[in-house]
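Submitted below is the structure of interest, expressed as structure tokens.
For reference, chains read A, B and C in written order, and residue numbers begin at 1 within each chain.
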Amino acid sequence: MASDVSTKGFVDDPTSEVMTVNVGPHHPATHGVLRLVVDLEGEVVRELRPVIGYVHTGIEKSCEDKSYWKVIPFVERMDYVSYFFQMEAFCGAVERLIELEIPPRAKYLRTLFLELNRIHSHLVWLGTTALDLGAISMLWYCFRERDRILDLFEMATGQRMHTRYFQVGGVIEDIPLGFEEKCRSFVEDMPVRVGQYEALLDRNEVFLSRTKGVGIVSRERLLELGVTGPLLRAAGEPWDLRKTFDYLAYPEMDFKIPVGTVGDNYDRYRCRVAEMVESAKIVGQCLDALPEGPFIAEDRKYVLPPRSELPTSMESLIHHFKLVTEGYRVGPGEIYYAIEGPRGELGCFVLADGSSKPARVHFRDSSFVNLQAFRDMAVDSYVADMICSLGMLDPILGGVDR
Amino acid sequence: MPDAPGLELIRQEIERDLPGSVGGTSYEHGCAAMIVDPEQILAVLGWLKETPGQNYGFLSSLHVADYLPAEPRFGVHYELLNFDRRERLRVKAMLADPGEDALPEIDSVTALFPTADAQERESYDFFGIVFRGHPNLTRILLPDDYVGWPQRRDFPVGGEPVTFTYNEHNRG
Amino acid sequence: MEIEKRDPLLAKQVTARDMLRGDLDGADLERYVEERVVTTTFEKMLNLARANSIFPLTFGLACCAIEAPISIVTARYDLARFGAEALRASPRQADLIILSGRVSIKMAPVVRRLYDQMLEPKWAISMGACSSSGGMFANYAVVQGADKFMPIDMHIPGCPPRPEAVMYGFSKLQRKIMGNPDQGWRARYNAAGTEEWARGGPRSEPSAEAAAAYEEARELTLA
């Protein structure tokens, strides 16, 4: 397969020092099945071509074959550490197409789970990236916290990952008793834990010299390449879709957005770690402000009636039957709805043609677009810096390949 | 989003500078969309990016939707975003299927928006749309020797049927 | 006692000779030896060693990769207690490949090549629904089960399976390696004779050999 990828320039010259090396798709440092074809001159990377598609699952095509609520579990499995975000992007898009208002309690619950998922994603990132850089024990500490978050998810939804919790109209179930105190204790512990992570890494000479000044890409170049999320914020652009566009309960939350200055790997690390603390604050505020009320919309044309109504009301039975067998129909239209995922702008395009199955579902995945910046980050630096940049770029290959 | 009157204003200004480029506008579900002649797509996007009042300098997403059985069949969507005014604008270029083995063509916008590089390759990979002027238009997500354009509406989903007791003797 | 004070070496020799128990005889001696010495075949000893020191390959494809290999080596679901904490990156040094995630058509030849590069004896666990049978993705891009191109020893269902389920599958594989694989449930619950045949149709009757084997199995379990 290396013959498919064209090697430009001076590689055919046997007297030059440049050697083309294949990194991956099976490699401990590539965060999934990413293949890099790297032209190396000694230890310096001269040219880099990522080859992707090794976990391409055809999710977007499969979605055209399924009714709208069956699309939700499919779409969750794209970017597999931030599953709530994909659910929100799709459900939000469909809700805007059918112009369905979700109740306030559902908004707050969704925000709560989204922020918990953001912390989860950043913990997985921190654990695996520190593992790549050699700080192996960070993996165990980060995953200890991650298991606490997964316990919270399991308590509320029954599943650790891929919970299928958001539905069009709200969330599928209310949070159980005991969730709030468990969540609060987690939220109180989180800043302490993050302080411990910082104590481990922030004054570590090796970590600092490996990340400071490495992988700098200018802000303008990042904007040209379409990069968003912590990568863009680390370069100095204070752009966060949670603040710029009002969606869910974010307008009522009080949180800051960490913005870096230099745009090197150290800034990206600091941005994400600070974001974890801010997300914990948002979760605490959501718990404090959680309003009473229904957790899903009342419109029976799109939302399943509660099971307790089924034996008594004929209409509910008919609605239930129609929704389960055929699914709800969405009138013709198209929409693009974007939210701020842990890696950047996660956009969902839904084209509806009036039937009960979407005609096109497309996800603008943040990792797919961010990967284009990798070449700029790694070229003309050492191989070790390339590995570090790859970790700090935080690609999730499920989202890249879909 | 620019609201409906704002969208009309933009359309009028584009029509003044690049006549005949805008086919129609639509404003629904809070989204502003403009249908544009595919031959002038570079000019329109350049105008939207560079004109001092507009500054739609960020391409959020480039994707294709297959509107079969409606004609023209392929809609290439450009989701533009203005950072300062926080407005999104969708530009659509509709391409017809030339029929037989020919592939629909449109100009590549990688010169204006380098982010379109991988996204145009993805559109080529799944729909078979050729972007003229793209530096490296090859398959990106599917194997290099794959035949067919999977996300077109007339391409089958694939897979194999599940084996139950009633049909297991058919499946061997 | 006086011996110990007088001469420590002689004391040690006396206690060692006591252990040999020259005074035992016949059945007593045999029982004494059985309680203290394990005898086995070389094969079984090798299998015991292999099962309790498996070197998994660090191979993660998609979502299941977050649950294993990453989550099972972390402190809560510790894989180290089974002796398998040394995850190896090179297939030449590993003996277990855990296919965690969906196998796409582009990745299938790569997986097969990795499996071929592993040295015998080697095992494969297909974790999750996607690698066991294509999972929910019945489409053009996913291989419908890794069985289609490589031999799999253990399938673990789930999407993604809980780490505890992976541990159970892992310990089941260990028993298989040691030579006593878990019985299928029909043998365990004396349920031979509950197999279903497709009713009607030209080929719905079992073949003569299958019918004979069925009769035999039924006899054995009912006996």
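Keep in mind that, in the parts below, a residue touches a chain if its C-beta (ideal position, glycine included) is under 8 Å from a C-beta of that chain, and two chains touch if they have at least 3 such contacts.
Computed from a predicted structure; not experimentally measured.
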item	value
Pair exhibiting more inter-chain C-beta contacts, B-C or A-C	A-C
Chain closest to the assembly centre - both centres taken as Cα means	A
Where subunit A and subunit B are represented by their mean Cα positions, the distance between them in whole Å	24
Rounded Å distance between subunit B and subunit C, as computed from the means of their C-alpha atoms	51
Computed distance of Cα centres, subunit C from subunit A, in Å	35
Contacts with two or more other chains, residues of subunit B listed in rising order	142-143, 150, 155, 157-158
Multi-partner residues of subunit A (at least 2 other chains)	53, 56, 58, 61-62, 401
Overlap residues in subunit C, where contacts from two or more other chains coincide	106, 137-142
Residues of subunit C touching subunit B in the complex	105-106, 134, 137-142, 144, 196-198, 201, 203-204
Subunit C contact footprint on subunit A (complex, rising order)	25-28, 32-33, 53-59, 61-62, 73-74, 77, 80-81, 124, 127-128, 139-140, 143-144, 147, 160-162, 397-398, 401
Contacting residues of subunit B [partner subunit A, same complex]	28-31, 33, 57-61, 63, 65-67, 77, 79, 83, 86, 88, 90, 113-115, 117-119, 122, 126, 139-144, 150-151, 153, 155, 157-158
Parts of subunit C lying in touch with subunit A, wherever the complex brings them together	58-63, 65-67, 70-71, 74-76, 89, 91, 101-102, 104, 106-107, 110, 114, 136-142, 159-160, 162
Of subunit B, residues touching subunit C in the complex	142-143, 150, 155-160, 162, 165-166, 168-169
